[in-house]
Every structure is written in C-alpha cells, then in structure tokens.
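Right, one structure below, let's go through it.
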Amino acid sequence: MATVLTISASPSPVSKTAAIRRFIDEQLTAQGHHVHALDVRDLPPAALLAADTTHPAIAAAVELFERADGLVVATPVFKASYSGLLKTLLDLLPQRALTGKVVLPLATGGTLAHALVIDYALRPVLTTLGATEVVNGHFLLDQFVSIANDRATLAPEAEKAVGKALDRFTGALTNRKASIEPARGMAMQR
Amino acid sequence: MATVLTISASPSPVSKTAAIRRFIDEQLTAQGHHVHALDVRDLPPAALLAADTTHPAIAAAVELFERADGLVVATPVFKASYSGLLKTLLDLLPQRALTGKVVLPLATGGTLAHALVIDYALRPVLTTLGATEVVNGHFLLDQFVSIANDRATLAPEAEKAVGKALDRFTGALTNRKASIEPARGMAMQR
Amino acid sequence: MATVLTISASPSPVSKTAAIRRFIDEQLTAQGHHVHALDVRDLPPAALLAADTTHPAIAAAVELFERADGLVVATPVFKASYSGLLKTLLDLLPQRALTGKVVLPLATGGTLAHALVIDYALRPVLTTLGATEVVNGHFLLDQFVSIANDRATLAPEAEKAVGKALDRFTGALTNRKASIEPARGMAMQR
Amino acid sequence: MATVLTISASPSPVSKTAAIRRFIDEQLTAQGHHVHALDVRDLPPAALLAADTTHPAIAAAVELFERADGLVVATPVFKASYSGLLKTLLDLLPQRALTGKVVLPLATGGTLAHALVIDYALRPVLTTLGATEVVNGHFLLDQFVSIANDRATLAPEAEKAVGKALDRFTGALTNRKASIEPARGMAMQR
C-alpha cells in the first residue's frame, strides 16, 4: 500500500474543495493506503507567505511531501488559475520535490469554462516540481457537491468521475511500486 | 498624468523584484505620474491568505487598485509561474477588478528558460480580471540587477529594455486618457 | 475607418467558424471599415505547410496582414487548442508581424470546457507575434450558431456577446487611430 | 520490447528536429524497440490540412499511432508554441487517440526563452488526447546540434540530456508493459 498526501487549498473555512478531499481520504483509507491530509489554510500564515521552512509546522508539511509516494492536489479555481494559497505552499518546496511521485490534480469551480485550468495552469507547475507522473486530472463543478455536517455528498455522476480519477491515481501508484519493488528485491540479494 | 499602482510580489525581504519596482517608481514619478507602491509582503499575512477584505490594510490595497489608471505587476518566477504571494492578492480582488486599466507585467528570474511565464501564466490571470489592455511585458534576468543601499542598479541592456517596457505602458495610458477625456468633455457640454 | 483582416481557420468546407467570420465581416463593413476576409483553407496546402512565402497566394496573404490595422482571428477548438490550420499560417509570418495592430481572438467549440483556449493557448502566440493590443476575446458555443444558405444566424445571447466583442475591437482601433493621427498631423506641420 | 512511433514536425527539408528524431530512432532500435518514424512533412499536404483520414497515407499514419505503445514527439518552436504542421496531424486523430500510451515530448529552438513551450503548450494537447503518461520532456537548443551527411551530431551535454529523456521514456514504457503483461497472463489462465 502507498503513502498518500492529500492537499486542499481553499482559503474558505467551509470549502467544497476540502470536503472533496475528505471524501477522497475516506476512499483511499478504505483501500488500505496511508493517508495524510493537509489543509493549506491550517498552516501558519506568516511563515507560509515568508516561505519560512524553519517553522516547525512548515517543516512538518514539507516532510509530508517527502514521505509521500503520491499526492492528491485539490484546488478551487480563482481568476482562471489555482489558488494563491496552494501556490504559496508549492513555492517553498525544494526545486524537484515531486521527483518519484505520482500526482492527481483536482480542481473545483463554479463554471465549466474553467475546466482547462488543470492542464494549462496547474500541471506545468507540478511538472516543473519534477513529478514523475501526473495522471489525468478532474474538474468538478461546485453544483455537484453538497456539504452537510462537514461531509461532502457528490452527485452520482461526480462520484463516478472522481472514482475514475482515483482509479487512475492508485493504478499508477501500484504500477510504480510494482516496478520499484522487484528491483529493490534484486538489489537486496546482491 | 495618470495614477499608477506598482506591485512587487517577492516574499524575500531583500528582493530584486522590489528593487526593480522602486526603480520604476522613480521613473514614473519623474514623468509626472502619481505612483502608489505596494509590496505584497507588507500586507497582513492572515488577512491576505483568508481573503479578508474587511481588514483595513487589505481594504486599502483593494482601493489602490480601484483608483489606479494603470498597474505595473512585478513578480519573481517560482516553479515556472508567478509567486503564490502575488496570486493571494489577485485572488481577493473583485471578479473584473482590472476593467478599464492598462497593465504592464514584469517577471524576474534566474534563467531565461522561464521567460514565457509572463505570457502563459500571468497574462491569462490579468486578462480574466478584465484588464482592458495588458501591454507586452518584460522578463528580467536576476544577473542584470544589482542592489546597493536598497537601490537597484540595472545593467545597461536591462535598463534599456525596462525603459522600453515603460514606454509601451505610459504610451497606452496616454492613449486611453486621450480617448476618454474628449468624450468626457463632450458629455459635460450636454 | 480602419482596414481589418478577418481570418477563419476551420478545415471544414461547412464551418461555423467561417460563418461567424462572414457575420462579423458584414457588421464591420456596415460600420464603414475596409474588410479583407481570409479563409485559411483556401490557401494552397503544399505552400502553406512548407511556409513557402514566395508562392503568390501566400505572399498575398502575408501582405493582407501587413496592410491591416486590425485582425479578427476565429478558430475552432481542436484538442484543447487552436486549429493546426491557423498555426501553419501564423508560423510563416515574420517574427513581429502583428506590431502596431489590434487583434480580436474568437474561438468556437462544442463545450464550454474549452473556453480558456483563447487566453492560455491563442493569446500567447498573438502576443509573441508582437500584437500591440489583443482585446478580450470571445468563446462561442457551436450550439448558438445555425447555418442556412451559407449564412450564420446567431442565437440572441451569442449575437449580443459577439457584438460586445466587436465593440471592444473597434473601440481599440479607433483609440489607436485617434492617437496616431494627431501625431501624424503635427508631424506634417513641421 | 515496445513499439515506438517517433514524430518530427518541422516543415524544413533540412531540419535539426528531424535529425534529432533520427538520432533517437537509432538509440531506440539499438535497445531492441520496434521504431516507426514519421516526418509530418512527408504526408500529403491537402489531405493533412483537410483532415482527410480516408486518404491512404493519412490512414496509415493514424494506424501507426494506434499500434504504438509509446510516442516521441519532436517539434521545432515557432511563435512560442509547437509547429502548425504538428498540430494539423494531432487534430485529425480520434479524440482519445493516446489512451494507454507513453509520450516523450521534445522541442528544439534557437533561444532558451522558449523552453516552457513543452509544458505550457504541447503537454496540454497531449494530455487532452488521453495520453496515459507524458514523461518530462526536453528542450534542445539548436546550437547543440550539427548536421553532416544527414546525420545529427549532438554536443556532449545535449547527448547526455537527450539520453536521460530517453531513459525516462523507456523506463515508463517498461513499467507499463510489466504491469500489463502479468495481468494479461492471469487473464489467459482463467
């Protein structure tokens, strides 16, 4: 099983992006993966904006990236791009922090007109961070998500689409583990 | 003469991006423009990240946008895009906050390989904000800027290129004023 | 009045993109502008793909760019970007062929999910070509266009939106002419 | 071993892009892969521009895509994007033609300032085509390639970088085959 870091990057205290992240956390946990969840808005604002990686909470977040085999990155769309909040976190990571990792990008927005934000704005940043594999992402319309008691309920078509995106992600993780572990096994025998 | 808001968006206390902004402030002031300077890192971090536009300092920043005829937006390049710090500010503006305004985008970076960040990452966001005219920007290599006593000195070729970018910007501002003011004059005669 | 080159770049003989171009041609002509229309698929394929600017038809197309004060560039969206047909034409233009010109970008597509193609894919190319001003574009859903007898009929909301886009374009053209012509006048008096 | 389609998309008869493709063909063939090479400029221009997939040469090209496990896509940079020639070919492929395939994107250009074309322009198109994995690409400066007798010689640093890009590509191909074939084996035993 893999270690997965799931990130939500909405500045809002009641956020559909965060709700979807929790939905995904449950799915991945149920599949036996080790899930660490990070809501960027819980990080200390001054340290985050100053890229102060000596601050314990920031250092802990950076370590979560290091330990993860895979990442789910969920951002709301603001001004036809990812949230500034998300980018402040990505900005303070080491240059090639995502090397060796599989990433699933997700975006939420109020209009389908912003669907290309994943491929034209978010993916170039993830690729620059050295991500070994960024699987095809998913753009989720706000209207398909309802929140009650802090839990997200997805409309059936949205649940199916998120499920498919998770399958792509866990499939890629399994692939990569499968190809690394025999090699590790061989290395140990030498 | 025009009212110009100049923005620098580096999280670093000693920043070449901020130094270039000050260089530009001097040029524009010398030409008779009213210049307001904003270093995003001076805004209160918690309010900025939470998009709290009721905070007086944030409200004041938003008002600077409203009052400006033109904007100079200077960002360092991080992870093949604009800084997260810049985006946190742009995220909290009203949807079409740049309508009627002329914008000059500038980016600074350590490698020419990031030159396209202005056109592929920053300009789409400025356009989405309704900017009426985003003039051709300029990417400035860090190595052409030196800082002494908090003042930037630009290598001659960089100074010339920044000067040309400023000419495009002030030319567009003048154009737009010229076309608006006769119309205003006529309106007053009615 | 201005000289405008309108370009449609669909490979299809019955094209909504071309129909919209003709609709725009009529509007601009009715406003007194000199309109030259170019359907890229009418250019000789071998010369176009080989970027053979010595071919008379290609040379004539390049000259239309030179003479124009403004351009309307209409492309269908294919594979989340502009058409290859459009790009083959733009590729053979001189490096800064759009310097001094105003451009209105338009895209047509079957799903709103492709709306950002204008700002993330087409605009960077137009900017690189030196376009002095690329006004905010418009993405038109295929379903709002019907064709009968080679003429496009736009649904009322689409007609209104295209009209607004044309207003931005002709406004920018007028602005620019106004700012250039007094200068010319002064130059002549010297 | 895998079946690989290598594509070069320069309109020029003497092309560094095509020379690099031939260099890569040799490397992949030497490693035991089945390589099919396609120079887009060899396709019939009229059929290509009209997206006429009934033309035998175009149909044969489409079939090469279908048969391939992996693709190397090499394009010159024109006007801050991929070549129009490349896009005319990608435009006529079925919507999700790259599903199940691994892709290595390569771009050649005269200035490092165009390095981001791979991630901001080419990769979104490849992703939209359903590519299962687009490995990190490589931007090659023209000056590092010399051509003699129709063969490319790469400067040592360029040869090393292209070699690393090929390793990423063949590594991903092997991974994917490894994960598919045991599954196939199991399926056959049922």
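So that you can tell them apart, the chains are marked A, B, C and D in the order they are listed, and the count of residues begins at 1 in each.
The rule is simple: a residue touches a chain if its C-beta (ideal position, glycine included) is under 8 Å from a C-beta of that chain, and two chains touch if they have at least 3 such contacts.
Since the model is a prediction, treat every value here as computed from it, not as a measurement.
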If we define chain centres by averaging CA atoms, which chain lands farthest from subunit B? Would you check? D
Pick the pair with more C-beta contacts: A-C or A-B? A-B
List the centre-to-centre spacing of subunit A and subunit D in whole Å, with centres computed as mean CA coordinates. 29
Centre to centre, by mean C-alpha position, how many angstrom separate subunit A and subunit C? 39
Report the inter-chain centroid distance for subunit A and subunit B in whole angstrom, where each centroid is the mean of the CA atoms. 31
Would you please write down the residue numbers of subunit B that are in contact with two or more other chains? 80, 116, 119-121, 124, 127-128
With touch defined as at the start, can you tell me which subunit C residues reach subunit A in the complex? 80, 111-117, 119-121, 139
List of subunit C residues in touch with subunit D within their complex: 11, 41, 45-46, 48-51, 78-91, 93, 120-121, 124-125, 127-129
Interface with subunit D, subunit A side, in the complex: residues 116, 119-120, 123-124, 127-128, 130, 132-136, 172, 174-176, 178-179
